[in-house]
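Please go over the structures that come below.
Presented sequentially are two complexes of chain A, the first with chain B as partner and the second with chain C.
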Partner chain A sequence: MKKKGVKAVIPYLYFLPMAILLAIFVIYPLYSLVATSFTKWDGLSAKEFIGMKNYVKAFRSEKFWYSMKLTFVWTLLSILILQPVGVLLSVIVEYVVKRRRASGVMRVLFFLPMLMSMVAIGLLWQLIYNPSLGLLTSVLSKLNLIDIMNPPNLLGSRSTVLAAAFIPTIWQWSGFGMILTSAAMMSIPSELTEAAAIDGAGKFNQFFRITLPLLMPTIFLGMTINMIGAFKGFDMLYAMTAGGPANYTTLTSIFIYKLSFTENKFGYACAVSVILILIVIVFTMIFNAAGRKIDERFT
Partner chain B sequence: MGNGRRIRKFLSLSAKVMIGLLLIVDVYPIIWMFLNSFRTNNEIYANPIGLPKSFDFSVFAEAWVKADFGRALFNSFYIAFFQVVIIVAAASLSAYALTILNVRGKNIIYNVIVSLQVVSGQIILIPLFALMRDMGLLDHLWANILSGAALSFPLATMIFKGGFQSIPRELYESAVVDGCSDMRFFLKMVFPLAKPTFSSVVIYHALFSWNEYLFALTFLRSAKNRTVTTAIQVFFTQWQANWTQLFAILCLALIPILILYIFLQKYFIAGMVAGAVKG
Partner chain C sequence: MFMKKRKLLAAMLAGVLGVSCFTGCSSEPKTEEKPVITVWCESANESMSKFMEAFKSDDFDVDVVYYSSEDLKNQVRIALASGEAPDIMAANTGEFFNSIMTAGQALKLDDYAKKYGWKDKVEESYLDSMSKDGTLYGLPLQTQSAWGLMFYNKDFFDENNLEISMYPTVAEITELSGKIKELGKQPIALGNMDMWPGMLLFGDFLTQENGQEMIDALNDGSEAWDDSETVKKCLENIAQLGQNGCFQTGFEAQDHSVAIESFVNGTSAMMYMGTWWLTYVDGGIDNLDFEYATVASPRMEGVEVSNSAQIWCNQATFVNADTEYADFCAQYIDYLASDEAAQAQYEGAMQPTFSPDYNDNKLVIDPQLADSEAFETDYTLPRVNYMDWNFATSVTEAVEIEISKLMVGDTTIDEAVKEIQAVAAEELE
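This part shows the complex of A and B:
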């Protein structure tokens, strides 16, 4: 009897290494995050319990709402642009380009920016956007599109900084959307499109009537990944603009970082983090539910 | 008749031009980065998009020394290596128990692990920072190894579970009848059968760890503990005006991954797709 009890426990030992590390480095910090969010804490002295005050402060803070608005816009752009551009690249590589060698090379090249860290991308694009020496200024002035004496500072002005900061994201992540879509395309049985071709459907119809619907779950998956990535969007922006000019690119994640590590408002920063994770959870749940619907509908 | 053909020819030509332009826009930033690392500051100031006059590799050596890049490479490699070892060992064993072994409450355990995926490093950065300080791990590479591994477990477990599901359970049952232990079955059967899954997890998480920035920025404060990402960022603030070297350091950061990518291209792409699809 006792031996049987021991034997039933043994398989659970396989979870042990993971469980220990998750408990220490994920679950305990999560608990600590929520607990700290109800306190006033400068990071060093004892935490002082202040109830909901941090949350009230956040909801009354213009900076907080601005960062939230920015995070939403950034996330929306990520959801709507990155994956569709990836699909477009994939169509070019798999359909439009006929020679297999050429499409192989293109696949490699479009994926290349994915190998760079987001920090390196932020720094490189900082150079590209440099008003006096940047690649963009040089090319545009050679094409006579801008006045070389008075070049635009895209990362320095409020009206352009968000778009300018988002373009490197497209540059990097469309390659990811492409390989995701291409992998899904390859798993579509060729009999389906061949049958349609026999029935007289042209390439155009084959793609929109057969391939695209079958790709919908993958496209949506790509959008979900980009949604999650957008909420994490910190590295590239922090390296490229550090949230500036003023706070025009201060996403909530950068707002939290500055609150804690430059202003020492750790309790307040924890409250903002809690709000952010709640929003991420809601978004994730919505996207998972929608993903299941799309899976049912298209497969 | 002739008209239709001419239109088609025109369309295919304009498509080619468009694709060509797209490729140039896509790849040129990287080419620009490599070319300018061979041009002096004066050449760049005179014309930012010219070609190099000669290929002088000493600029790379200079940037390497100034950034203490060897140490940064070592640190990044050290973190990625141990992190991946921990991720692979812990997550594959859990996924093995979840898919093949007889464990009660599999679904509950799996759901708990998966639900932890919404927790990102950013969200728990502050309590993690405090924890590392209390544990005396601050400014220690193992702070990044352990926390990064823990945060990667949910995704890695999902990828492994997906890969192990194709292993028939009858195989396990008959092995047990023959007196094979669970651990032995894992090492002798599961590992060889699921090698592609293992390689996907390794590539995905190694790349992720290599490019990690936030924890390196927050936990590893001293110069000797800089990783590649923080080293290039610090280099940019220190040598702002020296454009040749800014380009050189960006190239240095990309080259190791580029070399791996050239040799392991298929695995890179498979790894990224697996990471995404199971996530």
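This part shows the complex of A and C:
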């Protein structure tokens, strides 16, 4: 009887280390975040419980809603652009480039930006875009495409800054989508396309009627990952624009950072973080539900 | 039998291993280890770093850790909140250091100040912001940086017969910027990505007609931002400079180091920057390809000499209230407040130091800077802290955002002051 009891406990012991790590690094910080969100705290003195005031303040704040608007635009761009570009790159690598070695080299080249530090990429592109000293101005003026005294001020203008700041994200993250899609492409049985070829389907039809539908679950997975990443987007954008000019690129993540480390309003920042987490959870659930439908439809 | 022997052997080996682990180096003669005090500070220039690390004492050692300005602020906050702060730290004055003093996390330094005579060794005018209720908590031990000046490429101006007065008005700067652009150069190098340069520009205008009194009035609410004609006038002048193309293209999205690079490499003909830019020139100021000269920052109509000047000697160097080694920390701070420390600072920065004695007795600035009447005048004016450290950080942030928008015409003066007042009122609650 005693032996049976010990045996029953053993599986839980295997689980214990991970449970402890999870408790220390996820559950406790999450609990602390939620608890702090109900307080007024400057990060140094004692916390003062203020109930729901931080949440009320957030929902009434124009700055918060503006940051949410920018976050949604950024997320939408990430969902709609990053994975499709990744698919395009994988098509180039797997189908267009015939030589095996060349496609290998291209795969590495497309994936290389993924290995770079986000902050380094932010600073690099900030310099590329700089109207007075940057590479872009230099190249465009050499090609006589711009007046050197009126160079494009992409990061300095409200109308262009978000799009300009998103281009490095495409450059960096499309490689991830490509690897994901390439791996999925390789797992598609060649018999399917061969059978279609025998039935007279051309390359175009083979891709759009067989390969692409089978890739849909993977493409959707990539989109979900990009969506979560976009909601958290911070490092590269902050390094490139610091949330500016004015607050035109202050996504919610940057808004939270500024509230905490510039304005010393940790309680308020925690409340905004909790709201952001809830939004990410809701969207992830919606995406997961949609993902299941796509799985059922295409596999 | 064999199993028993093996168990015995294993037990003996484990015993030997255990004993050897615990005894370790017991045969070595015991040496008393000196305590180490840890100092966190902003990255210093080479000569100052060498000086800080050269400290020798029979009683204790010092471990100096350097951080960039922004990192230091975050690390100090996190360390203080977690109770793991080092013995000595540096922090920006203003709201941040005020909250450290209020929370009782900085050691009271009055007794040490008397013992070592610190109030004579450092610039007295900065001590107020490092004190609370008459008690001293920190010392300003960096160089004094002046803001409120503009630098221009004298060679370029001379070659093209361009003239600029010592106290140029906004209108004069606007006209001059147009001429500079026609000659194929960018006008004033400015890097407002982090938005504090815009705030200091606001401070320059504010201190032309007013000083600390106005800042205090805005802080305590006796002067509302949206009612203040002075504030509106300052913002109008900033808007004029920004919207009339007086700053180089892209100033909104580049930081101050890129702005300095733009002036140093000749892309821009003028630069609006603190005097510390001299330390940014690769290989030292002697390596500058042209002669530079200094004038006052743009004046509002009718103002020549300002009411006061933004000159600051940051940061507050303070001792952790929980340190075990308060006396050693004071001893090390006294080392940092010595004339030798001032000498090391000057060698690295070519600017006036924290030490009034050293500044009075030695040549303490770059000769080209020293020649400027505007620079000399600034140093005689009543001093105010840099404007981004004078208000609550949320108010500063609001002012900075509105200035950024005004500079490119994305808002109006009335809308801007209304936004700022809303944040200031909330802060007063």
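Methods note: the second predicted complex is superposed on the first by the 299 of 299 C-alpha atoms of A that agree within 3 Å, B and C clash if a C-alpha of one lies under 4 Å from a C-alpha of the other, contacts with A are read in each partner's own complex, and residues count from 1 in each chain.
The definition used in the following text is that a contact is a pair of C-beta atoms (placed from the backbone, for glycine too) under 8 Å apart; a residue touches a chain by one contact, two chains touch by 3 or more.
Every value quoted in this text rests on a predicted model; they were computed, and no experiment measured them.
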item	value
Partner chain in contact with A:Gly244 - chain B first, chain C second, else both or neither	second
Chain B versus chain C as contact partner of A:Asn150, first or second or both or neither	second
When both partners are placed on the shared chain, which of chain B and chain C touches more of chain A	B
Contacts of A:Asn264 with chain B and chain C, given as first, second, both or neither	second
Touched partner set for A:Phe208, first chain B, second chain C, both or neither	neither
First, second, both or neither for A:Lys232, with chain B first and chain C second	first
Which of chain B and chain C A:Trp65 touches, first, second, both or neither	neither
First (chain B), second (chain C), both or neither touched by A:Trp171	first
Contacts of A:Gly43 with chain B and chain C, given as first, second, both or neither	both
Chain B versus chain C as contact partner of A:Pro131, first or second or both or neither	second
Residues on chain A lying within both footprints (that of chain B and that of chain C)	43, 126-127, 133, 261
Interfacial residue positions of chain A with respect to chain B in the complex	8, 10-12, 14-15, 17-18, 21-22, 24-30, 32-33, 36, 43, 92, 96-97, 106, 108-120, 123-128, 133-135, 137-139, 142, 171, 176, 179-180, 183, 221-222, 225, 231-232, 234-235, 238-239, 253, 256-257, 260-261, 266, 269-270, 273, 276-277, 280-281, 284
Footprint of chain A on chain B - complex, ascending	15, 19, 22-23, 26-30, 32-33, 44-45, 47-49, 86, 89-91, 93-94, 96-97, 101-104, 109, 113, 116, 118-131, 146-147, 149-151, 153, 157, 182, 207, 210-214, 218, 228-230, 232-233, 236, 243, 246-247, 250, 253-254, 257-258, 261, 265, 268-269, 272-273, 276-277, 279
Chain A residues within the chain C interface of the complex	42-45, 126-127, 129-133, 148-151, 153, 155-158, 161, 241-242, 244-247, 258, 261-265
Chain A partner contacts - residues on chain C that touch it in the complex	73-74, 77, 80-81, 95-96, 99-100, 102-103, 105, 181, 184, 186, 192-195, 248-255, 258, 261-262, 265, 267-268, 393-394, 397, 401-402, 404-405, 408, 410
